[in-house]
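Look for subunit A in each of the two complexes below; its partner is subunit B in the first and subunit C in the second.
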Partner chain A sequence: MLRSMNNIITGILSLIKGLIITFNNNFTSATTLQYPDEKKAMTERFRGLIDLYPEKCVACYQCVKACPTACLAMTHKQTDEKKKITNTFTYNIELCCFCGLCQQVCPTGAIYMNKIYEITTYERNKLYINLLNPEKYDEWPHTSPK
Partner chain B sequence: MFTLLNLTNMITTGIAVLGFIAISAMFLIWWERKVSAHIQTRLGPMRVGWHGILQSVADAIKLLLKEDIRPAGADKLVWWLAPFFVVVPSVMAFATIPFGKTLIPKDLNIGVLYILAVSSVCVLGVFMAGWGSNNKYSLLGGIRAAAQIISYEVPLILSMITVVMYANTLSMQKIVESQSHSWNILHPNLALAGLIYITSATAEVNRAPFDIPEAESELVAGFHTEYSGMKFAMFFIGEYTNLFIISAIATTLFFGGWKGPLLPGVIWFLIKTYSIIYILMWIRWTFPRLRVDQLMGFAWKFLTPISFLNLAIAGWLLL
Partner chain C sequence: MADLDIKEKKDIFTEEFLINMGPQHPSTHGVLSLELKLDGEMVLECTPHIGYLHRSFEKLAENRTYTQFIPFTDRLDYVASMNNNLGYCMAVENLLKLDITDRAKYIRVIVAELNRIASHLIAIGTFAQDLGAFATPLFYCFREREKIVDIFNEICGNRLTYNYIRIGGVQSDLPKGIEEKIKNFIKYMRSKIDEYDWLLTYNVIFLARAKNIGLLRKDIAINYSVTGPNLRASGVKRDLRKDRPYLVYDKFEFNVPVGVNGDAWDRYKVRIEEMRQSLKIVEQALGSLPQGDPTVKTGRVHKPAAGEAYFRTENPRGELGFYIVSDGSAYPYRLKIRAPSFSNLAVLPELIKDAKIADIVCISGSLDILMGEIDR
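On to the complex of A and B.
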């Protein structure tokens, strides 16, 4: 008898506790972001699309060799001072698996991954990117500063 | 005497009630989504209109445009009639709800009895929907609904009888008048009756934590699994109209009805009713669902004896 009464009282108290918790939630700000209007900044190590600083690139082909899906393709030319310069550098997003190996092997930090994550397009052509073009990602929605 | 004036009066009242039901149901659906969202630290509908207030209108248009699918092997007539059996009684129950001093469709001298009689028909519609759909989940939902609603009607009626004993009348308007000095809920005996009423009324309208007839995780959607388009919308309207009605009855019987200082009666009535609805929503989005046997045990082994005891004490005090 005493135990069942105790059960009832603790039960009612726990119900009230639950009600207080859910009521307090009314006054905390919502965790939802209104997506197309508000966008979350990506973390520092986020692996978005592959990007390049053309002036740092020494045309060593390390990234092309490291790429497991062969989505990077490069050609180079030699200057008169016997220095290699990248001639073409293309990136095929269709094949990319966003592993980040190219970023890891790059000796000069020329190739890196940016913060773009809205990577759907209406045309297939747009997925073939010329990394040497400085305006290559200008049309893409940027969620955080380049 | 039945005159033309009577007829126009009836028609205007009917249109007013139907309009109120439609707007109230749409508002309640939006409000429920908002309340649930804020309780779960979400935002809820935000796109259609200011803070998504027109979301229900958009949903209603979508439901009107949807195909009305009838499952193979359904009991045609029963299946077709079920939504009407859910909606019509809840509309009829509006007849004796006092919104204000003169704002009552018809002040019957057996108002409480009338509402109880009319709202009991709802269970028939729910069971018809379950039976007519030719679907095992619907049938299980229908059976559960019948068992639950009939069980919880006992403590519900017993708690309402306690109020009737104190007010000495069955007329809703006179019950409000009897609370001129203080609300019934402030009387200890009637406060217990009020608590029992709110609990069993929540079960009557199949709302969580007593929502086993439409338990999503067990029965898909229970008795209205097979309904689509406007028939589904009718179940939805019926559900939210019933929610309004139980809160309106609670306001009338326990919280002084339309009585209140300064503001006009109808405003007071709506404030009180929607506050009770908020509490019911708050409860719905806080507590988990009960098991079937716990639910039936709670009705028969706990609520019914307590309401009987309460009734006996009320009788002894009144003697």
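On to the complex of A and C.
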């Protein structure tokens, strides 16, 4: 009887001890954001969706070779001055693992990763992107100005 | 009348009861299925079934170049991606006989230890949740983890699958001003660990629930090749960072916390102490961080000479080993991963045997197993 009373009292005491910690947190600033009204600013190195500066691309296929999941596909054509330019460049978001290896190997900085992270769509075919199209991400929610 | 009594007694008998726990169960920490044979409230036998998360990483590695496989190691132990990257890259560097710069070594130590803290925070948060301390400790742990994740987001640009440590160094040098942020975090985290001691460690209800539960004897732990905090909680002082120092761990002062009984509470306590030691290591590493370029220039495709290499590192969950066989081409001939959680799960039936059904969740939670690296 005495022992169980003792157990109850020590239990309540340590409960109060824990409640003091939780009570103290009432006076600290909030750690959460009211998403989607407030959005966290993405960092400079953030790896979002793959984007392309078509004029910089020299069709060297380094990014296509570096991709571990084969989510990039490219064809090229020769111009009259015997310069290689990209003919088609498609990007499959379904396969992309956002590792950033394509961005790292690009010799001209043509391929880069933007700040878009809300990549949910209702239609599957929207996940197949033509990177040469300048309006490709206009429908996607932008978290920071382009 | 008397005959009838005897007949009734014959009809009343107890029988063993078979139930399945998981794979969709909130407390099995992933898609783990436990087949339990029960006698009333006691567990007679437990058989874990694995393979629900199998993604065939070892076979996938044979069709990927050495650099291309780094993002896959992120997805082994997805709570401690940096440590996985580290183990794999060091194994490949051993195979290539490549020396990395001092700055890269220090940066690797910093990120690996920060990730160890993040991993242990999840371990103790979910453990407390399993014991019925609903939400509060878990939310506190995630609040602290968020700060580490923010630091990683700034360093490498991702929040879970970092792919930061590369063959020959790191992805890119630390960004400006991050050292100050890490120093602030160390100060903040120290006070929060003391808070956990108040909230959980010496809480009477928590002690009653975790003390003397799931006793893992020293000899059983060694026989099952249990590693990491689970082994140290059983009283075996074994830590690869001390016993076989890699990177620059031999330059830092830190202790290896060891438990006494090997019960669930000891395993929890070792993790709490390890976080303190990790903070100490990060602080020392930041203090003596050398200047210069962290990355060694290597070719885009690595072609190591034919041979083999095995390298093991101290992961938050135990010893993670990568065994790579090269045939001289750009792709590994064979890659074998020694995952710590696999051995830690193997000892679970031994611990659950003769325990009460209410303690199963406590025991499996205290072992901190992660299905991502068991099934790989």
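One rule holds in what follows: the second predicted complex is superposed on the first by the 117 of 146 C-alpha atoms of A that agree within 3 Å, B and C clash if a C-alpha of one lies under 4 Å from a C-alpha of the other, contacts with A are read in each partner's own complex, and residues count from 1 in each chain.
Here, contacts are C-beta pairs under 8 Å (C-beta built on N, C-alpha and C of every residue); 3 or more make two chains touch, one makes a residue touch a chain.
Note that the structure is predicted; figures quoted are calculated from it, not measured.
Of the two partner chains placed by the overlay, only subunit B lies in contact with A:Q34; subunit C stays clear of it.
By the document's definition of touching, of the two partners only subunit B reaches A:N26; subunit C does not. By the touch criterion defined above, A:Q104 lies against subunit C but remains apart from subunit B after alignment on the C-alpha atoms of chain A. By the document's definition of touching, both partners, subunit B and subunit C, reach A:G18.
Once the two complexes are overlaid on the shared chain, A:R124 sits clear of subunit B and of subunit C alike. Measured by the number of subunit A residues touched, the leading partner among subunit B and subunit C is C.
Of the two partner chains placed by superposition, A:R3 touches none, neither subunit B nor subunit C.
In the superposition on chain A, A:M113 makes contact with subunit C only, not with subunit B. Of the two partner chains placed by superposition, only subunit C is touched by A:T43; subunit B is not. In the superposition on chain A, the residues of subunit A contacting both subunit B and subunit C are 15, 18, 21-22, 31. Against subunit B, in their complex, subunit A makes its touches with residues 15, 18-19, 21-23, 25-26, 28-32, 34. Residues of subunit C touching subunit A in their complex: 64, 67-72, 74, 136, 143, 146, 153-158, 161, 163, 171-172, 175, 195, 198-200, 202-205, 300. Remark: subunit A residues 7, 10-11, 13-15, 17-18, 20-22, 31, 42-47, 62, 66-68, 97-101, 104-105, 113 touch subunit C in the complex. Partner subunit A is touched in their complex by these residues of subunit B: 37-43, 46, 282-283, 285-287.
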